[in-house]
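Presented below are the structures under discussion, each in the form of structure tokens.
The following pair of complexes shares a single chain, chain A, combined with chain B in the former and chain C in the latter.
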Partner chain A sequence: MDLFTLTALLGDGLAVGSIYALTALGLTLVYGLLRVLHVAHAGVYAVGAYAGWWAFQKTGSFGLALGTGAVAGALLGLFLEAWFYRPLLSRPPHVALIGSIGLFLAVGDLLRILFGPYQQSLPALAPAPVVGMLTAPQLVVVGATAVLLLGVYFVVEQTRLGLGWRAMAQDALTAAALGVDLPLMSRLAFLAASLLAGLAGVLVGAYYNQVYPTMGAVLAYKGLAIVVLGGLGNLWGTVAAALLLGLLESLAVAYLGHRFPPEGVAFVALILVLLFRPQGLFSRARR
Partner chain B sequence: MYVVTILELLLIYALLTLSLNLVVGLAGQVNLGHAAFFGIGAYAGGTLLKAGAPFPVALAAGAAASTALGLVLGAVSLRLRGDYLAIATIGFNFAVVAALLYTPYFGGAYGLSGIPRGLAPSTYLLALLATFGLAVFIHERVQNSESGYAFVALRDSEVAAEALGLNVNRFKLVAFALSTALAGVAGVFYAAYIGTLRPEDFGFPLSVTLMAMLVVGGMGGLWGPILGAFLLGGFAQAFAFVHNYQAVLYGLLLALVMRYRPQGILGRVS
Partner chain C sequence: MRRVGFVLFWLLGAALAQGIKVGVLAPLSGPAAADGKSVLSGIQIAAEEINASGGLLGRKIELVVYDDQADPRLAVNFVRRLIELDRVAFIIGGSYSGASLAASPVANEAQVPFIAAYAVHPDITQGKPYAFRMGLLGPVQGRVGAFLAHRLGAKRVAVLSIQNDFGRSLEQGFRDQAAKLGLEVVFSEVYPPGNQNFTPLLARLKASDAQALYASGYYAEAANLVRQARSLGLDIPIIGQEGYDSPKFIELAGQAAEGVYITTTLDRDSRSPEVQGFLRKYQERTGLPADMVGASGYAALKVVAQVAQRAGDLGGPALRRGLLGLINLETAVGKIFFFTSQGDPVKSATVQVVKNGQFRRFLNVTDLALLKP
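Our next item is the complex of A and B:
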């Protein structure tokens, strides 16, 4: 395999991994704070993609498409937090998990009913090679992700909000006693997570030039695998796991073809990690 | 006989929700991969029926194959709790579907077709009814036995159950074995009923549907799972036009029930 093909593969893997990172980051943030598995997050991502597609149809501006996707995602996320997740915090965790799967299915199917089962195209980025074999969509996706991740890093590590999140994730009761406004923290976490998911939806729609109702399905289940591999609630472990998975998938398809069932292998790996390294691949045991 | 055909399908669903209730409603172990066991039973039984084996042999093989796999998941459940177990069961479902898909012996994506009923129609119905009766009996025996109390203790507080000297691991394995054996039996009946099996028929969406039936009916008791299976299964059959909206309705129903009545229609508040 020559160098050009390799850079193309790495570019694709990095772009796919970036999308995984943007969505899985929200999942792991929400899990860290509320201990709920927010499967409907993938629905937020699909709604963001459709909102971006709609805005691009109307205006032809990719910037507006990104903005619309982010706003639509954020609104849906805030609604889900207030209506669904917060009232269920006192229930056993499987209640929110099962309901969340239901919400995810309902959102995907609603998109199908509203916009039809076929793919819609979102031709915002021309797939022309820019540097070597790296294409414009790859550079945009990777670049946007890098900027967003830096932003998240800054918020989490350098601001009072990030301090509040970290305190709540570590020990919610103590944090509350010390004056951290837990409902506000959870609301803002959903806001941030859903903004990122909406943006990721638009980015992935432009990257593949397609938006379709079940586009969240891959992420809904793969997202679970990624946050587990990264260590549930561990932000940077999740980013690393997402990039790693994107790169591995891209290389595996190139070198091994489709001889192996990718989901099967991913989920067997997931179960093994759960059994033997439940703290994730990158963190030391916490308890 | 259209009505009988529907009744048979609903009885199969009820077998599945009752078996799911043993693990989820009584023992409190979330299982979001129950369709995998149904599928293993169906494929094992279907393969044998196609080879001309008598129905009881297929039934036994389906139950055995499903139980063997169920014990694997049961062993996994010994190490994982709550969310982690739930994710593992989802992964399990995907892995089993992928394994069926990539096994040429089972026909891959085309699946297994031309499975004979193995029994005369009336005998089939009687056998299914008898099995359903047996499932109800087992369910009641478990619920009102020492194991049943142990299951409930396990569900309500695993730590307390262990502190009381219950062998938590043993009861978890028993719950998974019973539950998956019944699901395997339901699978063999389904294979004979439907004649054609494809891997994606036993994927995660079916597991969610079964969970929806269980939570809408109400888990824990005997009538909740049966009601859920008949209500949601019958609804889909009675209103064929609903088929186009089935996913959105199931999804919303699941979310609404969890939000406003997490114990289901007939469930008790614990």
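Our next item is the complex of A and C:
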């Protein structure tokens, strides 16, 4: 493999992996706290992308587009937490899961009815090589993800909020007994997760210059695979699994082609992990 | 006797007042929705035109439209519905090859004429006396692609095909003609419909010494493909085909669309009044520049109506005789020289190139050796 191909694949794999990380992080956060598989997270991502597209149309500013996507995602997340998941939490877990799948489909159709079935263009990132074969959109996506992940790291590891999240994930009852405000924790977790998803939607919309109603479909199922690979509820395991998957997919497409479907990489990995390391790639087994 | 006469008169009157139902299958939602809307607009423009000038056999055309989402399963259900419940006279298939392949045998069996507006797969019409086509066959279009690569001076070519019936039939034609012209295929890959990330494949392609890329796909995939190819600095000619033929391709690909060639059937620079009239009406109706898909829907309904009008009969056998008897007909999608006994047109093709954000004519192909199925 020559240097050109190597940098191109590395840049591509990291960019795709970053996108996976941003969305899967929210999924794993929500699962860790509420034990809900939040399939509609991919719907929040699509709504964020549309909000960003709209803002970019109006203002031409990518910064404002990212901000609008983040705010739209966060608001939708808060709304879903309060009006959708909270009433379902007292039911068996599959009720929330089925509801979430239905919600995801409904969001896609709503976007189609509102904005039409077309791919809308969000031409914010000019596709030009910058360093070697790394392109400007790749650098923006990887850079933005790095900053956001540092932010999440700070919140989770260094703040009382993060402490509360970790306590709730470990043992909700004990945490509540020690004065952790569980409803607040879950509300803020949805807020953070959905904010990241909204941002990811805008980034991906600009990366591929396409925003469309079903854009969350791939992430809806791949995100779940990543969350399991990383160890359900394990934040840093999820980030590592996402980046690893992005790189593996890029290599698989380049050297195996699509005769071995690249979408399959995540699921082959998922099967292997469930067979041999069911606690996830990066989690220690519970004794 | 007088009573019978009255009843007959009444029946005749009822028949006159009643329109002719024409079935339409089009992917109005899902990933192919832009094409679905366009083909429907084309068909509607043709129907309005025909109705404004007295209708078909004196009756108004009424369109019965179903959204098949380019999904073969939905297409089969809807084509049954069109035949059994709506009792349409004939069906315009405004969908992709997969869905049309599923629908055409059902219509054929019921002896309801089925006209694929632009789907390329040979089996849609093969061995089906009541199935016809208005567009170029996939293998024919693939051959034109290889002809173009050769014409542009390439000796080594790369092929990147979308993994479905559309891509397979194009690739087959391309490879046949490439072999005849002595082109060497040095890179060959496939990708699934809906794919967005082409960078890994293109990175490897760049390491090969291909001098031109023949890539099939629809506008959404094609836009990403050319964007990513150009951003990797891959500056060899890219030869697409009618799947790219949409204003959406130019919008989504932006600057990267410049200089991309496509083989298609709508020649924007044609001087034919049929083409120019359509371009104008489409722009007026939709506010968008016309594309091949819309033009194909328009041409399909107009040609069939013309044949039925001349035959004075809407039945399958009459339509078949009429179409097979046509020669040198100017349509919105080029000149149809004649129809083969398989119901496929032998027709001109055009190569368009993107210049300043618009499709423009690069050359027209009328060589029958290349165009005959």
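The rule is short, and it goes like this: the second predicted complex is superposed on the first by the 274 of 287 C-alpha atoms of A that agree within 3 Å, B and C clash if a C-alpha of one lies under 4 Å from a C-alpha of the other, contacts with A are read in each partner's own complex, and residues count from 1 in each chain.
In this section, a residue touches a chain if its C-beta (ideal position, glycine included) is under 8 Å from a C-beta of that chain, and two chains touch if they have at least 3 such contacts.
Values in this document were obtained by computation on a predicted structure and should not be read as measured data.
Engineer: Can A:Gly63 be said to touch chain B (first), chain C (second), both, or neither?
Structural biologist: A:Gly63 contacts neither chain B nor chain C.
Engineer: Going by the contact rule set out at the top, does A:Gly102 touch chain B (first), chain C (second), both, or neither?
Structural biologist: Touch status of A:Gly102: first partner only.
Engineer: Under the stated touch criterion, which partner chain does A:Gln210 make contact with: chain B (first), chain C (second), both, or neither?
Structural biologist: Touch partner of A:Gln210: chain C, not chain B.
Engineer: For A:Ala128, select first, second, both or neither according to whether it touches chain B, chain C, the two together, or no partner.
Structural biologist: Second partner only, chain C.
Engineer: A:Phe4 contacts which: chain B (first), chain C (second), both, neither?
Structural biologist: Second partner only, chain C.
Engineer: So, A:Pro93: does it touch chain B (first), chain C (second), both, or neither?
Structural biologist: First partner only, chain B.
Engineer: Considering only the touch criterion stated at the top, classify A:Pro183 as touching first (chain B), second (chain C), both, or neither.
Structural biologist: It touches nothing on chain B or chain C.
Engineer: Share the list of chain A residues that count as touching for chain B in one structure and for chain C in the other.
Structural biologist: Dual-contact residues (chain A): 261, 263.
Engineer: Which residues, counting only chain A, touch chain C once they are in their complex?
Structural biologist: Those residues of chain A that touch chain C are 2, 4-5, 8-9, 11-12, 16, 112, 116-119, 121, 123, 126-129, 133, 135-137, 208-210, 212, 214, 249-251, 253-255, 257-259, 261, 263.
Engineer: Under the touch definition given earlier, write down the residues of chain B that touch chain A in their complex.
Structural biologist: 30, 32, 76, 79-80, 82-84, 86-88, 90-92, 94-95, 97-99, 101-102, 204-205, 208, 211-212, 215, 244-245, 247-248, 250-255, 257-259, 262
Engineer: Within their complex, state which residues of chain A touch chain B.
Structural biologist: Chain A residues touching chain B: 31, 35, 37, 83-84, 87-88, 91, 93-110, 113, 221, 224-225, 228, 232, 260-261, 263-268, 270-271, 274-275, 278.
Engineer: Which residues of chain C touch chain A once you look at their complex with the stated criterion?
Structural biologist: By the definition above, chain C touches chain A via 28-31, 33-34, 37, 163, 189-192, 195-197, 199-204, 206-207, 220, 223-224, 227-228, 230-233, 248, 251-256.
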